[in-house]
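Labels run A, B, C, D, E, F, G, H, I and J following the written order; every chain starts at residue 1.
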Amino acid sequence: MTTRFRDVLETFENQFPNRDYTIETICPEFTSLCPKTGQPDFGMLTITYVPDKLCFELKSLKLYLRQYRNHGSFYEHVTNTILDDLVAVTQPRSMKLLAEFTPRGGIRTNVIVEYVIEKS
Amino acid sequence: MTTRFRDVLETFENQFPNRDYTIETICPEFTSLCPKTGQPDFGMLTITYVPDKLCFELKSLKLYLRQYRNHGSFYEHVTNTILDDLVAVTQPRSMKLLAEFTPRGGIRTNVIVEYVIEKS
Amino acid sequence: MTTRFRDVLETFENQFPNRDYTIETICPEFTSLCPKTGQPDFGMLTITYVPDKLCFELKSLKLYLRQYRNHGSFYEHVTNTILDDLVAVTQPRSMKLLAEFTPRGGIRTNVIVEYVIEKS
Amino acid sequence: MTTRFRDVLETFENQFPNRDYTIETICPEFTSLCPKTGQPDFGMLTITYVPDKLCFELKSLKLYLRQYRNHGSFYEHVTNTILDDLVAVTQPRSMKLLAEFTPRGGIRTNVIVEYVIEKS
Amino acid sequence: MTTRFRDVLETFENQFPNRDYTIETICPEFTSLCPKTGQPDFGMLTITYVPDKLCFELKSLKLYLRQYRNHGSFYEHVTNTILDDLVAVTQPRSMKLLAEFTPRGGIRTNVIVEYVIEKS
Amino acid sequence: MTTRFRDVLETFENQFPNRDYTIETICPEFTSLCPKTGQPDFGMLTITYVPDKLCFELKSLKLYLRQYRNHGSFYEHVTNTILDDLVAVTQPRSMKLLAEFTPRGGIRTNVIVEYVIEKS
Amino acid sequence: MTTRFRDVLETFENQFPNRDYTIETICPEFTSLCPKTGQPDFGMLTITYVPDKLCFELKSLKLYLRQYRNHGSFYEHVTNTILDDLVAVTQPRSMKLLAEFTPRGGIRTNVIVEYVIEKS
Amino acid sequence: MTTRFRDVLETFENQFPNRDYTIETICPEFTSLCPKTGQPDFGMLTITYVPDKLCFELKSLKLYLRQYRNHGSFYEHVTNTILDDLVAVTQPRSMKLLAEFTPRGGIRTNVIVEYVIEKS
Amino acid sequence: MTTRFRDVLETFENQFPNRDYTIETICPEFTSLCPKTGQPDFGMLTITYVPDKLCFELKSLKLYLRQYRNHGSFYEHVTNTILDDLVAVTQPRSMKLLAEFTPRGGIRTNVIVEYVIEKS
Amino acid sequence: MTTRFRDVLETFENQFPNRDYTIETICPEFTSLCPKTGQPDFGMLTITYVPDKLCFELKSLKLYLRQYRNHGSFYEHVTNTILDDLVAVTQPRSMKLLAEFTPRGGIRTNVIVEYVIEKS
């Protein structure tokens, strides 16, 4: 499940493909809209991945995430979709996305999604 | 062991059933009554689960927990029962409930209950 | 503006009336209902006063505050009313009440009310 | 200097006008756009005021602030304007606005604006 | 190695014996006397156990611990003994006791004792 | 209002009487008994004073405070009495005592007492 | 005492000159060289000012501070000079600069400089 | 992939080669230049290794890292290269480098690289 | 009251004598010996002063403080003496010394000494 | 590799030899001299061990560590040597020593050494 949004994502070549290493990118300023109430949701995204041939470029990630600003999407949906888009574009050895949303109605929610290479 | 209380719990369909992922819901404003003294107890609940076909809806969770507000129940009992209700309604792949109660008489108690699919 | 609620408040005699000193009482487990939505509000009350002839008794304060548990009242109203009740019962040299409510809709509110002896 | 935006702000009557007391409202989820780059800015607003006849209603404050979501405005401008709007609508005895913006280019900015009744 | 002290410990029946779950009880106000100097020692006890048929009752735990107030005992001794008493009374599936003592002579000590079912 | 307890307090001569300076002594391990329930109370004392001719000796302060270990006394009473004893023995230029007690019944209390030279 | 460095500083017009308000700018990534050892020094600058007709522009401030990167200057000197440059360019109603340097040889230094309009 | 930079790195003989033990060196003052914008980047490096015959000398490490001050390098590149240089010079049993960079554009990045003895 | 110790203190000329500004120097690694027990004491010194013609040089301050390493001195004495030495050498407009010592026997002490120009 | 220093270490008999349990001793006030510069080093030692027949006595540990006060020793050397001394004296089932030294030249170092029973 991927989106039109991923078209803005750019990549650069991993210069150290012989080594498994980890890149962790933390975006504390994520915001989207609640599809039910239309009110803004806020959250922090932590993307952790082991690159294969490609890394995502940070400025394009910022533009990619900005597209959710006026887009309605549920917590679970937005988290799974962002992972799918980043996986589609970078084809990493592994990737994990932690989304920590700010409280609503006194209740706080985190969603943790991990990419596992699917066996055909 | 489940309660009448669980009737208010609503679910929605998990849109990503092909993937094991984790939803963590944190409710810092849980309150019930001590069955012995009638005095209020306060605590924070952290529910962590891997959904299968269903996720619980957050607003209904709030209404569900609100029913404990004037209900007398011991720490161990209330924690086990809430887990049982949430499991009954969502049938998750796994679920864990951590209940952290505020101090009474200088002593603080946490209860940690985990759902494991029972072998028949 | 005082309430029926204050009838449960008990006092004891200040043993050191010749000295101006300060008593600070912190109640992190205050809860009442929102009169509009019926949903629970949570907050922390900090009462700071210089006693004159009387101090309030802590167990009776707890019972007094417990009466708000199922009572609907706005933030500003509940804070001003609790101050009025405590002043009426203890007649202090001065008293201040800070009420810090937990976030609702991403917005957090504190109300600070101070008792000043009114000049007739 | 006030805006069209203030039309959504609603007020309710202060029930305790005989007393000077303080209401502090904290909004950690403010976001607007940078008028130069079009990129989102994020910040936390703390509004502290002594009401006279009117208090602002919290839900309408939320809607008011939401209007800045896709509006371009500099830090200094947005802070002064929000204060002006809130003062125009509530006519408080005094009001202070602290806006703490998240870092940009490794630099963080706060703006503190205070309303003082202007002598004619 | 158990003590007369354990006679005050009361238990109640575990209502959920079919499930392995964890109860964590934290007592930050433990105090005993140093057997060498007669000076008070202070510490925080964290008891973590998986109950079998019985749970210890919190009020009786408090009375049990209070008996150490004027009792001389070394760090290692007191920690091992409390574990032995709690195990003797509740017969848990497993139990762990962490005792964190406050600094003496610039040196701070923790003792961690775990109950393992002894093979005969 | 002073006690027999103060007899153990020792002093030493202030070597710098020509200068007003401040000594702050923090005792996080104070404990006494509640006169009503007989249960232990715990608290942290902060003594701040400007010495005149005498300073209190720390080891004797420790012995002095230890006498409250099995002594029943209310929060307000114990705080005022300790100040009175320390003032009687050291005759300082000024002295302040802050006593911060740990929570009981979900409620926490601080008492702040200041010594002011009484005008005859 | 001002520098060639200040030539890069740009200003914009204060839109709210009728009001005294405060702008606080925090730069945690300041670095210069020690003139004695040639080794890098690191620090955090906090600039707090009440603008008159002009505010400094943040991007130009960043470029201005970057010039110190390979410039040798003592703590006291660099702090006083930056204040002088910012005052010369913005002519504020008042300005304060706090510079907090990271430890060297186990010793940490802060310098606090304030601009006061000099009476001729 | 190693650099000319590593020529300044000095080592000393490990005095305890019979034992596997860990040295952790934390450098919170790392700075380099962004190769795209020429603007400074800041970060904290944590080097964790099990020495074999040689340890790196701390003063030479400082000089080594200082060379990046005016050198343009991407996050991923600089982290992998520093690890390669340190491995080349000390030939450790194992080594890990965690680089935590400060936020840019509201986004923060960490890179974690581990040295694993390559099988020929 | 000054010491031989002060002979190692070096000063440099204040380059900004026309301005009152503040230098704060924090030394978290101060250690001396207790004159009674011979055991080491540890503490953190914070020196805050407004220089007149001279500033103390940081390396010489370090050497100066090092002399207390094997020197027996009471808390109050060491704090007053260090202030006297620093005042004698730098002749500041004002100076304050805060000494925060680590706990002994569960009791922690701070001494705060301020230099005030004595009127003859 | 052990030292003369270990002669002051005293032990007492472990009263619970049938059980594997852990004692953790934290010494935040360790200080020695740098053998190169003669300047003091400061650090925090955390000793974690499972005793066999003997435990080390805390007062003698303090005296043991005090001997390093005027002794020159490198980080790696001092950490390994202290472990060797403690192992030689107590013959534990296992022991670990973490030494965290305070920053020098902006760089901070930890050394972690573990005792493993050597196979002959």
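What we mean here is this: contacts are C-beta pairs under 8 Å (C-beta built on N, C-alpha and C of every residue); 3 or more make two chains touch, one makes a residue touch a chain.
Fair warning: this is a prediction, and the values are worked out from it, not measured in the lab.
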Output for shared partners of chain B and chain G reads none
Trace the shortest chain of touching neighbours from chain E to chain I and give its length in steps.
1
Could you give the separation in Å between the centres of chain F and chain I, each centre being the mean of its C-alpha atoms?
28
So what's the Cα centroid distance for chain D and chain J, whole Å?
57
Could you pull out the residues of chain I that touch at least 2 other chains?
28-29, 39, 42, 62, 102, 104-106
Pairwise, the chains that touch are A-B, A-C, A-D, A-H, B-C, B-E, B-F, C-D, C-F, D-G, D-H, E-F, E-I, E-J, F-I, G-H, G-I, G-J, H-J, I-J
Sites on chain B touched by chain C in the complex
28-29, 31, 39-40, 42, 62, 66, 69-70, 102
Contacting residues of chain H [partner chain D, same complex]:
39, 42, 102-106
In the complex formed with chain A, which residues of chain B make contact?
14-16, 19-29, 55, 58-59, 61-62
Of all residues in chain I, which touch chain F in the complex?
1, 76-77, 79-80, 104-114, 116
